[in-house]
Structure formats: structure tokens, C-alpha cells
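What follows is a set of structures to go through.
You will see two complexes here that share chain A, one where it goes with chain B and one where it goes with chain C.
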Partner chain A sequence: MDNEQIIRTKDGSLAHLRTIHGDDAETLIANARYGFISGLIKDVLKKPAVEKTTATDRIDRLMLNRWLGIPLFMAILYGVFQFTFIVSEPFMDWIDTGFGWLSEQASGISPSWLGSLVADGIIGGVGAVLVFVPIIFLLYIALSILEDSGYLARAAFIMDRLMHRIGLHGRSFVSLMLGFGCSIPAIMSSRTIENPKDRLVTILVTPLISCGGRLPIYALFAAAFFTAHQGLVVFSMYAIGVILAILLAWVFRKKLVPGESGHFVMELPPYRLPTIVGVVAHMWERGWSFLSRAGTIIFSAVVLIWLLNYFNVLEHIGRAVAPVFIPAGFGQWQAAVALIFGVLAKETVVGTFGTLFAGAEAAGGFGQVISAELGWTPLIAFAFMAMVLLYIPCVATLGIVKRETNSFKWTWFTIIYTLVLGWTVATLIYQIGSLFV
Partner chain B sequence: MVIKPLREVEPLERGRIVKVGGRKGIRRRLLDMGVVVGAEVEVQRVAPLGDPLEIRIKGYNLALRLEEADNIQIEIFEGKL
Partner chain C sequence: MTKKKITIALAGNPNSGKTTVFNNLTGARQHVGNWPGVTVEKKEGSCTFKGYTINVVDLPGVYSLTAYSLDEVIARDYVVDEKPDVVVDVVDASNLERNLYLAVQLLEMEANLVIALNMMDVAESREYQIDVKELSRLLGTPVVPMVAAWGKGTPELLDTVIAVAGGYQKVSGINLQYDHDVETEIVKLEKLISDSSLAEGYSPRWLAVKLLEEDEEIIGKIRQT
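This part shows the complex of A and B:
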């Protein structure tokens, strides 16, 4: 049979089916399939007349309650961050002390340039990043629990109305939630979104959601400049990210890729108690990428930064770029350098400051050193944190944006819009804040 | 015998699907998920923001938006809930 014959035969059969059953083939196939299944089940399965109330029903009566559903959802998000910060604190202190001791030992190495490279460059830079390993791992534990328990599907259910209004899909919300861990798996998870336009917009705004790699920067500056309100300051960064992601998703969906959004027909799976093995495996899988980056990208970056600094090149690079950031308050070359290297991986920002201000611990803490050397106020630190949150996503994320959109155009679009957005928001924070402070 | 669209079925009301309509894409998706003529349905709840719906069908829980529920006609069971 040639092609035309096949198509003619197919159309003929479809018309035949329609005249006999009054339904199209898809419906008939589905009906026949489910008819067979229910027949089979009747033969082999005895069910009680009344379905028992399951644990899932009871939990959902609370979690999806008309009035309590949203407050509980907010409380869970807030609880995740509180848990992460409070539990990680003692571990971070130990690691910090450990690196301090190591650095002291290493500074004795001769010749002195080698001692400085090891103590200030490598231990100072990589150590500054590794201190945050407990926070990252705990955040990943919490997200794994939410994911494995089945609550993320409920989050999509609760938020779909809102997401639908901005032109997206409840599933987009799950991707954005995963973005709190890392943008890369979050962007990959957008594959579950069927509508291509919904999916593209989700990919474009996911980098605005604050990932684990950005947490060390907030943690560092919040501890240095906002001792009393650390939790609130960090939480506000997450809030800025979420609000802007939603706002821009709405704008993009309206202006860039207008059109109807996909359907929301989704299973709410039964709740399951996450297994320890499952959670640890998830945590390790994600946490490992953070650790291995500290050993590779960040290690190379801090050595490069130390070398460029040692030969006085770094300052020139920084000074060339720094004026751009004067309106945002952080027009110092050190900040410019940190932002340039932060594109490799956002946590490199911390490594850069660690290398440039090695010995800050001895000089009375990071906050004092930065405010003394750079003249930073809490307002500038806040604007800088917002910049780090929003500007160009890390190269690994850009790679995944390229792969998932299969388009250089959208990858460049991501780079440019995030840079403009970050600069604008940081400048607004600094300029408006200056009127009050 | 009361037949109404799924959107108007109250929580904890039960019934049987008598028609699945809608455009090709959505109908296919519904059929794939077991929303077929003859299946029994119980509305579980409405999401806190008023949309989507959660229904129980074929022994599992399914969430769908009201606009999608408009494609489904339900014959309500009389008598006890």
C-alpha cells in the first residue's frame, strides 16, 4: 500500500466507526481500554462497599483546607528556611574554625608568596564557600522531603489559580519551587509542562528564583550587616526573587509569547513517608554538585583571582567595570570583580571576597572589614545582595537554558534581561533607600 | 435524574460520567486520565483560591480546573451521600 492508500483507508475506518458508535476513535479506544480494565478488576478484586477514609484524605482535609491551605503553605516555606539556618549554624561554626586553623598553618609556608596563595587564595576563597555546605545540604534535605512526600503536587494545586492568572500552569510553580534548590534541575523539570509557551516562560523566569548557590552570599552579608534581622533579610531576598519571577512571567506571557495556557489535569498522589535512603540520596546527588564545583570551578576561580590580584591586574579589570555600579551604591572594584567571577558560579562572589579580604576574621570580622575598606552600609549590602540574586545566572544554568530552549536567542535574552533587571532593582533599592536612611 | 456539568457538582456529591466533551487536546488528556463515560466520580474539594477542583475517580485523586470540568457531564446519584 502506498501512503495515500493508507490515509484513505484510515479515514474510511474512522468514518465507519463514527457512524456506528457516534464517537471518535480516541474516545472509543479509551472507553474500550477502561471497559476491559474494570471488567478485569470485577473478576479479581473484592472492594468494600464504602471506601475507607485514607490517611491522605485526612492530611489533605487540613493541608488543602479552604482557609488554612494557603497559610500552611506559607508556613511550610518559611519553616524550610528556618530549619535550614538554625540547624546548620553549629556545623558552620565548626567548619569555619577548621579553615581558620588550616589557614594559620598554611600562612607559615615559605616562600611567602606560596604561603599567601595557599592561605589567602585557596583556603580563604574555597573555605569561604565550603563553610556553607551545611546550609546547602539541609536545604536540599528539606526540599527532598517536600518532593518525596507528595506535597509539591499539592503546592501546584493550591497555586494553580494564581499561576493561571499570570498565564502559567500549576506545574510551573513546582519548577519554580525546585529552583530554590538549584535552577538546573528546576529548568529540566519544566519538561513536564506540556504547553510549549508555558514551558518557555517558566524556563526564562526560573533563574530569578534564589537557588542554594546564592544562599552563601546572603548568609555572609546578612551576618555582617544585619545581625539582628538576618532571617528577615534573607527571606526578603527570596521574596524579591519570587515576586519578580511572577511579575516577569506575566509580562513575558502577555507580550513575548501570547496565547492560551495549557490544561491542568493532574494526579494528586497519596502522601508517602519519605524514606531516609531516598532523601539522603537526593540530598547527596544535589549537594555533590555544589561540593564538586567548590573543588573545580571555584578552586580555579580563586587561584586565578589571587594571581590577578598578586600581579595587580585584578584592580584594573575591576576599575574598568566598577563605574557602571556607582548608581547602585557598590561602585568599588572589588564588588565588580566579585560580580564578574560570580557568573562562573554565584557562590564565587563569596570566594572572591574571601580571597580579597583574607584575614578579615582577625581584623574583627567581615562586616567591619568591608564597611571600613569599601565604605559599605547595610543599604549597599542589601542592594548588592539583590544584584547577586538577579543578575546573569551562572554558566551551568545558561548551558541548561540553551539546551532546553534549543535557542541562542532565548539564552542571550536571559543574559540581557537578568543583567538589566538586577542593575535596575539594585539601583532602585540604593537610590530610594538613600532618601530614608 | 439530575445531570449537570462537573463544575456545578458540590463537594462530597457523587455521580457517574455521562459525557466527556471539549476540544481534542483536553478531551484526550481527560480520557487518558481515566475520565471516561460510566466512571464514578466524587468531588473532594475546591482549592483554597476557588479553582481547581479535586475529584476522586477510579480509586485515585485527580485535580482539574473548572474550565476543564465544564467538558464533563455528571449524572448525580440520588439518596445518601
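This part shows the complex of A and C:
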């Protein structure tokens, strides 16, 4: 009872203050704090008459340049992908050869069904994913360097202007950037966004940013179908993800949750030389989740896929779904199956192809076999990559979307809109591309 | 005998070097959990120093303690509800003005505050001169200069924490005066709160200020009790 009286008195006080000051009490109180602090600063802090230009200032003059900022950011990202692909290549070849040898040994196991399960199912499937460990770890090293050096904050700052125009905050872009590693920490990082509507929209579009788990898929198909331009093709996937995330954020912010967006000063910490320990620790944190997923979810998924295939059920499941994807060019049951299981963890798409086309390496390479058996062209491969990029996020990400939005409605919304978006984009790529190729 | 177990909450702005201070304090003795009811990561650790067991709770990095973001609410609720023995606010010495906003709010909450004045090296490289003694006097709270990145200042910080927790060193805090008209309303509300059951868990003045800031979370809490 008496508490209601407190609230009523407060309302009276606020109304009173508003009439005499024209300002909210909140502003008056904040002003008192700022006033106290600036008085205190005058007493305790002496700055040099001319602020020294620090190394950070000099680097920022270039990095944050109005015209050069965005091209430099693009160039750095492009450099990151080139670096990961070129450096990882020899390592991947070794691992590939190693699994090839293992698979040969295993196929001799009797009874023959067990040999096939181990060689085609487990080694073919899990191995197909593990081959990409070097690429993933190198990408994570590069991301850790960008983050620890302070550049990631600059990237967000550069994008802040653009983000404001679409009604979002530069901080949302930090979350999106973290999504290059994994959507889960990226979505969790959105809680630093003050405005709840900004936060919701950031959570909804973060899954469109291409994560580490999707990289093996691009790497596999880029190597098979775009030998000469692998880096460029993979880079284009990341670019499609970023552009669509920004575009949809704008649409969602306008249509779904209209209203004022929060304002906040962007934090620009000084550049620091990343420490080896820090970079390795960050790389390991991120990389470990990839490895443990390969050992758990992906392992179980490929065994399940092998079993379903062995008992001729897989093809039926695939055939039931496949027609949906005919307009996008990949209406084969194998692709449908890969997409279904890819929801468990996107790497499973690679694992599925690995299991279904075990022994492709010996038969002239993955690209050759896929072209021959599925009739895939580079255009179809590209449309498929776009589909994998955009369609339903993995279950772990959906779990986080549910927890952070605390709403089944928004979780279902994410599932449906990403599926529609992925299908539409893949179909557009295939249909429009077919006119030219 | 004073108690040999001390709990400290580590507060600070993002990029103030809070994580480094936390690592310096706790070393490998850390574990990660979740804050109750939410999925925000909660890091805790402990160390022993001069016979004391010091438990360190890492609060989310925030600029202020309003109810605008989940992180701010978590940090604030911990200080208000759990009443740690000492709150250590890690302040970036090269960004003093902005970082002090949080410190002032913690002092308004009448927290047992110790300021870890970190990144003194960066401030020095920019030729900033900081009168640490005067800062401590004006804020009414101990200030410990540090360079956490080089591991400098950790023992001094722990000494100060023990002194404050044991009551050997007093945190007198600040008496922040708001605008005259605001003060009148604060006093009015303070009186009502002091007469209610709310006065048991909260500082009446702090609640009054939060009410005038139209803090949704606090208003909700008052309605419920």
C-alpha cells in the first residue's frame, strides 16, 4: 500500500520538475554527475597543452579515413581469406592423404558392412569435415588478430555511419563481425546493445553472417568448381551474407519493430600488438568447438546418414524434399539430404557429401564426380553455397536465438525467414545465371 | 578477529583492462558460470593473500548503471543485492573523465569502493599528470595506480581491499548535490522510503534518485514489494 504512495509521489515530483525545468529529471541527475566529474577532473588531471599524436591516432587517420575506410576494410577481409586459403592448402593435402590411407585400411575390415561404415561413413564423413581444420584454425587466428589488435572496433566504427542510416547502431556491426567466427558468441554479444529493438534485429540477422562452420562447405565446392578463383568465390559468400544481413536489418527495423534507435558513442580502444598467448588462446577457444562438434554431432550425423543410406531410406527422404530445390538447380536427393542434416551443424553438409561420395578422390576428384553424377555446374555449386549460407541456422544457434530473445515466435520467425531467403537467393542466382552461362 | 574471507566485485568500463586485472588477481583459479536467470557469462575466481581468501566476481563491463541493458542491470543488482565486501572499479587512467561516470554511480550506491586506476603507462605516455592523492580525497575512496598489463599494482590493490573490508580504511564517498529542485524532491521521496519496508535492503537516497530517473526495473521492484 505505502509503496504505491511512493510511486504516486514520484510521478508528482517528475511532473513538477518537468514544468519548472522543461527537462526530464533523468537529464538533470546525469548533468549533476557530469558536473561533479568535470569539476573533479580540473583539479586532478593536467593534460599537455598540445595532445601528443599517438601511434593509434596516426593509424586511425588512415584506417578511419572517410573515403579509404571501407575499401581498406574490404581489402583486409579479402586478405584474410586469401591468407587462410593459401597457407592452409599444404596442410589440408596432408590430412586428406592421411584420411585416404586410413580409409583404404578400414575398407578391408570384415564383415564388409562394417568396413563400409568405418571407411565410407565415419572416415568419409568426419574426415571430410576434419580436412578443413587448418582453414578454420587459420581463419580463427586471423580473426583473433583483428580483434585483439583493436581493428574490429574500427571496422564497426567505419560501418557506424552506414548502420545509422539503416536505423541500427555500429555496435550491432561488432556482433555481426563476431559472427564470422560463430553465430553463438556473436548473438550473445548483442546484449551490450542498449536499445531492445536494435538488439532483437541484430539477433535476427546475425545468422546470415557466414560462420566458421560454413567455411568447409565453400572450401569444398570452391576447390571443386572454381579452381582458379577460390578466394574470390569464398569472399563473395561472405559479402552476400554481410550485405543481406544489413539489408534485412534495415527492413526489419522499419517494418517489424519501428521506432527510435539508440545512440551511443563508439568505443575505440588504442591499437595493441596482439600477444601470441592471447591469439592462440582465442583461436583455441573457437577452434575447439569445431573439433568437438566434429567428434560429437557430426560423427553421430554421418553414422545416421550411412545407416539410412545402407537401408535405402535416405534416398526416399531426399527424393521427398528434393523437388522443392529444382528451381534453384540442385534438385537432387543428395543435396536435399545434405541440407536437411546441415541444420544439425552446417559442416554436416560436407560430411554428408563425404559419406555419399566416399571414394570420389580415387575416381578423379570430388568436382568430377559431382559433375558427372549430379550434373552440377559451377553455377549450381554457387547457388548451393548461397543456400547453405542463408538457410536455417544450425540448431545450436537456434537455441541461442530462443534463449536470448526468450521467444518461440522470434525463433520460428528466424527459421522461416532464413529458409525463404536462402531458397529465393539460390533460385535467383541459378535462374538469372542460366541466362548468361 | 576480522573475517578472513572477502568477496570483491570487479566493475569497470569495457576496455579498461578489467579482464587483465581479473586474471592478475585470480590466476588460473577461475570458473565460468551464468548469472542467475539469464545467459550472461559470470566469471568468478579466487586468490589467497596474507592469510585472506579473496573471492573475485567479475561483473559485466559497463559504462553506467541504468536499466538500459542487461549487463548494466546484472552489475547493479549484484552490488545492491549481494552486497560484496568491496567493489573494485577498474578505471582507465587515459580516459579518466568518461570512466569516472561509473565510479560516481557506484559511490551513489554507497558501495565500499576501491578504484584501480589502471593503464597509468598509457596516461603517462600521453603526458597526462594525474594527482592520485587528490583524486582519492575528492572521491572519498582509495585509489590504487596500476599497470595491469605489466602486472604492476596487484599487491597494492589487494592490500587496499583488505584494509577497506576490515574497516581500517574508510570509504567516505561523495555527497553528490543535484540541482536544488531535484534535491527537494529527492528528500521528499527519501523520507517516504525510509518509513517503508524498502529501507531494509536499499539506500533510501539511491532509491529516490533511481525513481526520479524513471528506472523501470526499480519501479517494478517497488511495486512488487
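The definition used in the following text is that the second predicted complex is superposed on the first by the 384 of 437 C-alpha atoms of A that agree within 3 Å, B and C clash if a C-alpha of one lies under 4 Å from a C-alpha of the other, contacts with A are read in each partner's own complex, and residues count from 1 in each chain.
Criterion: a contact is a pair of C-beta atoms (placed from the backbone, for glycine too) under 8 Å apart; a residue touches a chain by one contact, two chains touch by 3 or more.
It should be emphasised that the depicted structure is a prediction, and the values quoted were computed from it without experimental measurement.
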First, second, both or neither for A:I70, with chain B first and chain C second: first
Touched partner set for A:L17, first chain B, second chain C, both or neither: second
Larger contact residue set on chain A - chain B or chain C: C
First, second, both or neither for A:N31, with chain B first and chain C second: both
Touching partner for A:F436 - first (chain B), second (chain C), both, neither: neither
Touching partner for A:F157 - first (chain B), second (chain C), both, neither: first
Touching partner for A:F408 - first (chain B), second (chain C), both, neither: neither
Touched partner set for A:D43, first chain B, second chain C, both or neither: second
Set of chain A residues, in rising order, touched by both chain B and chain C: 26, 31, 34, 51, 267, 269-270
Contact set on chain A toward chain C in their complex: 2-7, 9-10, 13-14, 16-17, 20-21, 24-26, 28-29, 31-34, 36-38, 40-41, 43-48, 51-52, 54, 188, 191-195, 262, 267, 269-270, 400, 403-404
Touching residues (chain side chain B, partner chain A) in the complex: 20, 24-39, 44-52, 54, 56, 58-65, 68
Residues of chain C defined as touching chain A within the complex: 14-15, 39-41, 68-71, 94, 96-97, 100-101, 104-105, 122, 125-132, 134-135, 138-139, 174, 176-179, 181-182, 185, 188-189, 192-193, 195-196, 198, 209, 211-214, 219, 222-223, 225
Chain A residues touching chain B - in the complex, by the definition given at the top: 26-27, 30-31, 34-35, 51, 56-57, 60, 64-67, 69-70, 153, 156-158, 160-162, 164, 170, 263-270
